[in-house]
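My structure is below; once you've seen it, I'll send some questions.
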Amino acid sequence: MSAQIPIAVRDRVSDKAAKTLDIVAKFVDEECIPADTVFEAQVGVGEARWQAHPKILEDLKEKARSLGLWNMFLPKGHYKESPGFTNLEYGLMAEWLGKSRVASEAVNCAAPDTGNMEVLAKYGNDAQKAQWLKPLMDGVIRSAFLMTEPQVASSDARNIELKMVRDGDHYVLNGSKWWSSGAGDPRCKIYIVMGKSDPNNKDPYKQQSVILVPSDTKGITIHRMLSVYGYDDAPHGHGHITFHNVRVPATNLVLGEGRGFEIIQGRLGPGRIHHAMRTIGAAERALEWMLMRINDPTKTPFGKQLREHGVILEWVAKSRLEIDAARLVVLNAAIKMDEQGPKAALKEIAQAKVLVPQTALTVIDRAVQSFGGAGVSQDTPLANMWAQIRTLRLADGPDEVHLQQMGRNENRRGKEVAAKIAAQKAKAEELLKKYNITRSEIGSNIKR
Amino acid sequence: MSAQIPIAVRDRVSDKAAKTLDIVAKFVDEECIPADTVFEAQVGVGEARWQAHPKILEDLKEKARSLGLWNMFLPKGHYKESPGFTNLEYGLMAEWLGKSRVASEAVNCAAPDTGNMEVLAKYGNDAQKAQWLKPLMDGVIRSAFLMTEPQVASSDARNIELKMVRDGDHYVLNGSKWWSSGAGDPRCKIYIVMGKSDPNNKDPYKQQSVILVPSDTKGITIHRMLSVYGYDDAPHGHGHITFHNVRVPATNLVLGEGRGFEIIQGRLGPGRIHHAMRTIGAAERALEWMLMRINDPTKTPFGKQLREHGVILEWVAKSRLEIDAARLVVLNAAIKMDEQGPKAALKEIAQAKVLVPQTALTVIDRAVQSFGGAGVSQDTPLANMWAQIRTLRLADGPDEVHLQQMGRNENRRGKEVAAKIAAQKAKAEELLKKYNITRSEIGSNIKR
Amino acid sequence: MSAQIPIAVRDRVSDKAAKTLDIVAKFVDEECIPADTVFEAQVGVGEARWQAHPKILEDLKEKARSLGLWNMFLPKGHYKESPGFTNLEYGLMAEWLGKSRVASEAVNCAAPDTGNMEVLAKYGNDAQKAQWLKPLMDGVIRSAFLMTEPQVASSDARNIELKMVRDGDHYVLNGSKWWSSGAGDPRCKIYIVMGKSDPNNKDPYKQQSVILVPSDTKGITIHRMLSVYGYDDAPHGHGHITFHNVRVPATNLVLGEGRGFEIIQGRLGPGRIHHAMRTIGAAERALEWMLMRINDPTKTPFGKQLREHGVILEWVAKSRLEIDAARLVVLNAAIKMDEQGPKAALKEIAQAKVLVPQTALTVIDRAVQSFGGAGVSQDTPLANMWAQIRTLRLADGPDEVHLQQMGRNENRRGKEVAAKIAAQKAKAEELLKKYNITRSEIGSNIKR
Amino acid sequence: MSAQIPIAVRDRVSDKAAKTLDIVAKFVDEECIPADTVFEAQVGVGEARWQAHPKILEDLKEKARSLGLWNMFLPKGHYKESPGFTNLEYGLMAEWLGKSRVASEAVNCAAPDTGNMEVLAKYGNDAQKAQWLKPLMDGVIRSAFLMTEPQVASSDARNIELKMVRDGDHYVLNGSKWWSSGAGDPRCKIYIVMGKSDPNNKDPYKQQSVILVPSDTKGITIHRMLSVYGYDDAPHGHGHITFHNVRVPATNLVLGEGRGFEIIQGRLGPGRIHHAMRTIGAAERALEWMLMRINDPTKTPFGKQLREHGVILEWVAKSRLEIDAARLVVLNAAIKMDEQGPKAALKEIAQAKVLVPQTALTVIDRAVQSFGGAGVSQDTPLANMWAQIRTLRLADGPDEVHLQQMGRNENRRGKEVAAKIAAQKAKAEELLKKYNITRSEIGSNIKR
């Protein structure tokens, strides 16, 4: 909440945002986290899980709107639909949302809708906005972003190969998508689909287009849902979807043919900040559960509470330190994005993208370990959190791809620093002469 | 297989064991791993998962017996029922069994039956053996070991508190158990239960007893099954079981009242070797899947196969090295147990217990990462393997408890090494005098 | 330099500070780093190393003063002698100073003088200030802080036991000190000494006093100098000093008898920020040397430059990320100290104290490894940097002491979070009732 | 000593070797370690360090010979000069030698002489043996192996470029070498030099030759000695040497022109085992010093001895485990080399080469940390040990080169395992048909 904002960024948080943050925090702690249990119960069992729309979520949404919590993610200054928060301010709220499974959706800030709404707000035409952005902003439908494909290395988006062939006023789509997150939800009405419309374009960054496909279009089959370490994430889910001669009006194209890369790149910055801050929140919650456990007076192996044993307090200290460091990295990236735009903030965003999930996984795993068996089971939120966050080391490109890119960028300084060091060495030689002294090298007087 | 046995232990493996190992390897690779898919399909969905006994498993058991693969785990020299292999020899076979979900059960070497059979063979009386050991050895029933309890810190077994009260010729049991692995299987007919029969005994290691409880005894309720990350491990499962006035004949007591600690300690050594070697096998399989992926000609991010990218080959090399090192640690422990007994091998077994799961988790996680999304899903065996092995850092005591114990044991040398170092320093002073020379300390001539 | 200040803190840096920072950066890069070589040559060999006062250092000091770079460390608002920078602002400058061996002293911001000047400015009386603070501020003498003792565990300062016995108008000191850094310098004229003046005081935090001892007082012997991984750090050095009936006027007492703890605690905050930021600077320089090496066109193992090999770019990326994260942690702590005082910033300062040296050691070690043999030798600044920074994991208390303290502090939340989670669980039960639904637990319908 | 040999290898150690091992252990503990102090004092200060030949070393050599400890390194079966030990047996002795600075030389088993003697014994002709092998075996001279060069990436030996030009009956050598270890010793009489004799040979592995060069040959200059962190390692030292028209008789060529690669590859196997086992010994000694410290009754921070604090016992346990695992890896490699030759043992030797130094550095660094300031200083053997062993991650090729090679080798299985997994998948499909069942995929019945 607002009292805990790191001092370095505190003065950039408006009073309104600070107040909203406190409302978010209270809403999450007192309403959403208890609701998570009911949500899971209402999702049910078996095939019903993919038809469910838990009542409690609609109740929470109503409550959220009455508290003024709605669509806070849409950044100030970029969209007329924005409630007026910066990425920094919303980032602080997203941390709290990340502690609960239902909270983000309850305030209409859940992925992938957030990114999809940004795409529509940024690149959609008026008709597209009216048809799809409006109901998304109102929280009456949900959406999915279909990019990743099972048969290629999608971490390099140029490989995406779902066929988009122009046929009169339509495009005809054929191919497969997977990790279509959110496609399991019966309210998911619109797919934003990336495909290859111009496979022979010499510029590999102009071969792709993005098109809007209603989820009930003929020829679309939800082949199955993918599990994440045994979790199905229903009703949201991660779809494996096939397209067989799916016809979509050409007017559904977003921004224009061949502009797919432009769209996916524009979509990523804020989303990475959101993910990172929600992940920070999850790590904070894991740390709290760990604190609860190690102070549990009924659990006293070898006559002492867990907190008094060996490495436990060091785990607590390291977790605190690592979370705090990671949060500063994300917030600094958010500020950079707010003040200089996502392109200028590429380095900072990439750092947050790589650092935060690894940090959170370490913290959560310590919490699991401190719980023993309960930690891996349904009796704590820890195992599920771990599994969800483990995917963030893969989603939007695996860590290794980002690290290679970051390494290449940093390495661009190579020539310049080599020149600087060479100049420093030359200057040193000059100074040695000036002071009329020689370097004393050990062993330089040895004679054999 | 036998051609890959580390050279340091090769000469201790009999020809018979080497041949059997090759049969096991072929059986696992060609029969069991393909059967895993069918097994999962036959387990079914929903509540049926806890009633299932997949047909393919019985077919595999028949095949295994025809190949001479049955009960190999029961160590030579200790039990007349043993097929004659050492812990080392069976350990090498267990590595192969660990690559498949069904393999261990197919050759009647699945936990927890193995440890339970050892308990009965070692401590059971003739009637107990006839009633329970015989059908377990024949693979017609299964069993569970009920020790861990939800409300106490079970890593310190003295905390186990299920009440066992003598009432005439019976004991009456009241309390809760969880992580009762295997209790989900409809064929699980016998529970070996640890409880507190003498809570006031001054020796906290004599308060516990172990008793045999048929799983259909009145008063027992399977409250629910625990999940491991999102997996239910059906039909095997991990039971949360309550005992309400459960009456068992006093003749079901194993070894005698107050001897529970003796039994659980005798049970652990070989089981830890088995778990460790199966885990090595899982790590090997994960490495193979990773090799498959990084050489997949259809997956070429940024124009190169994965094996040509950045850190990938280093991951392969480290995985190879870490698995090989861990295997040597386990096999050395097995030899020590074979030649000097489990008590003498305590240190070596504890090292294997701690080292192997951490090693395997690292290897498997690298494989997951190299697969991208497929790695966390049902499309590879990796995510499930990871979750199963993650529990081994907790089961039979968390790593930290073992490390503290190992640290204390090693620290017993403290006094002796301090004396040795003191003697070395004294001798050095003596020699300085003898050679009439003084230590040259830097700065010792500074005058101010 | 100012263009690289992290955006989160940029707006707190005054124009004057930004300009000064740029001057510092240029002075370090163009004057100080080249001078390091000459400095080492002028220090000479053998015993002369402890008599040396390299001429180039005085020339640099003159240059520095002419550039307006002098005593920037003394924080604004606390001392009338301050040039007016905040801890944040000076921290950014300290980063640059940390790249060169001579830079800090050239601008009169070298440890331990900085901390000692703070002690005198904060706690010294007018006479003490006139006699010692004045020449220290002018850079004409140097100083040492004598706390650590060889025969006790000094990480717990209550163990400090150098005897300080009142004898009329004097105190008589007997005992040993080591790690008296700076005592090797012939210009080191004043020791600030902590000793035990009241061993029987019931409050263990009131047994210690701090007294000023001129380094040429009778009875003081520099026994020897301690090496750091083979380096003598001459002429600065780390003294091992004995006190035999050393008489000092009682007027040399700082602040009053029994107030030693108050003084050492007041001394630590800013010093830890300085150390941390200088260490960040060293890590940056190590990364630059690494970039130079991996782009060296003459070094092409297996036909490719190092930057094209395996893990190298990932090392670069991780180093960049880890340094950037660590810097934010330190700067956030500096801001907290600036705005709320060192006591409020305890947590943040401790985090910086622990995180930064470990980060820098990792970065430097990667650089060493990328250089091969040159990395461990006198041909790069890397090995020496590593050794210096390795001591920071021990100085002012080893990491583990700080982590335990940080863990204990964080753990204070234990009770509160346990209550919160309990309330959340109770609310969930209430909601389940309200929505008339039960948790669906797997396996809860099993009947045996 | 013999009682501590890991059980897995114990039966391969002959009685003679076991007895010798016990003698070595006693000799090291009681004679050599105390002598280290005297040795360092006798080496002296300043330039004299490179002229010193400490008397105590000759006394130890005499003692060693009288105990039958001499040249144990020369492996049985390969050389008529061998005292008859296997690589395994000598490896166990080398562990003890690695605890002391002087021990290896005291028993004439010091690098680089050992490798050089192997080269001469294996590839030298009779004249070469008489002139150089004989006095080396007798311990009356020492030697150096000059391969690495400052101006190229020597980790790829094809880059070695010291010019060797045939001129009548002589070769003329021009170029520079560094990291010529041992060249500082005044008794170092012979250099084994690798150079490029045939730069235009199409086979890059045939361009190099190895030639014997007496260290007093005209044209050779010891330019300087390299330091390792701040240590000079005098009198041994690491030379930076220049060759200016150095003329050597063509008869000094070893094995023949163009056979340099053959020689350096033949030289490496046993040497890597020796280094690894000595490093294990150093790690054991570090652990012993740590045990001494954490049980020191005079060092009680916060009222408890160090062993009772937080993570300390876990450090002890992990150190014990990691050393034990690493030792098994080396001994298994030694056995493979003994029984199947160095070529067959390439993988195992490379694993030892990479694993052991990293393990030892971790253990030693923990010991340093537990000592506080004393750990980095001259008062413990730890800092020096760390620095020496740090070079082993670079010498004979940096870890990363070995890991890449190991990764490539392991990756050769890629095709085979891909085929196996494909076969397993095909078999699974076949079995699904046979059992007339389909895979149950979650969400496969979703209709929209």
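The chains carry the letters A, B, C and D, assigned in the order they are written, with residues numbered from 1 in each.
In the analysis below, contacts are C-beta pairs under 8 Å (C-beta built on N, C-alpha and C of every residue); 3 or more make two chains touch, one makes a residue touch a chain.
The chain lineup, named per UniProt: A, B, C, D = Acyl-CoA dehydrogenase family.
Being a predicted model, the structure only gives us computed values, none of them experimental.
Steps from chain A (Acyl-CoA dehydrogenase family) to chain C (Acyl-CoA dehydrogenase family), minimised over paths through touching chains, total 1. Of all the chains, the one whose CA centre sits at the greatest distance from that of chain B (Acyl-CoA dehydrogenase family) is C. Set side by side, B-D and C-D show the greater C-beta contact count at B-D. Mean C-alpha positions place chain A (Acyl-CoA dehydrogenase family) and chain D (Acyl-CoA dehydrogenase family) at a centre distance of 47 Å. Chain C (Acyl-CoA dehydrogenase family) and chain D (Acyl-CoA dehydrogenase family) have CA centres that are 37 Å apart. The residues of chain B (Acyl-CoA dehydrogenase family) that reach two or more other chains are 45, 227, 232, 310-314, 378, 400, 403-404, 441-442, listed in rising order. Partner chain B (Acyl-CoA dehydrogenase family) is touched in their complex by these residues of chain A (Acyl-CoA dehydrogenase family): 45-46, 148, 150-156, 159, 178-179, 226-232, 238, 298-302, 306, 309-312, 368-369, 372-379, 383-384, 386-387, 390-391, 393-395, 398-401, 403-404. Per the touch definition, chain B (Acyl-CoA dehydrogenase family) reaches chain D (Acyl-CoA dehydrogenase family) in the complex via residues 6-9, 11, 29-30, 33-38, 40-42, 44-45, 55-56, 287-289, 291-292, 294-296, 307, 312-318, 320-321, 324-326, 328-329, 331-332, 335-336, 339-340, 347-348, 351, 354-355, 378, 400, 402-408, 410-411, 413-415, 417-418, 420-421, 424-425, 427-428, 430-432, 435, 437-442. Within the complex formed with chain C (Acyl-CoA dehydrogenase family), the residues of chain B (Acyl-CoA dehydrogenase family) that make contact are 47, 50, 184, 186, 215-216, 220, 222-225, 227, 232, 234, 237, 239, 310-311, 313-314, 441-448.
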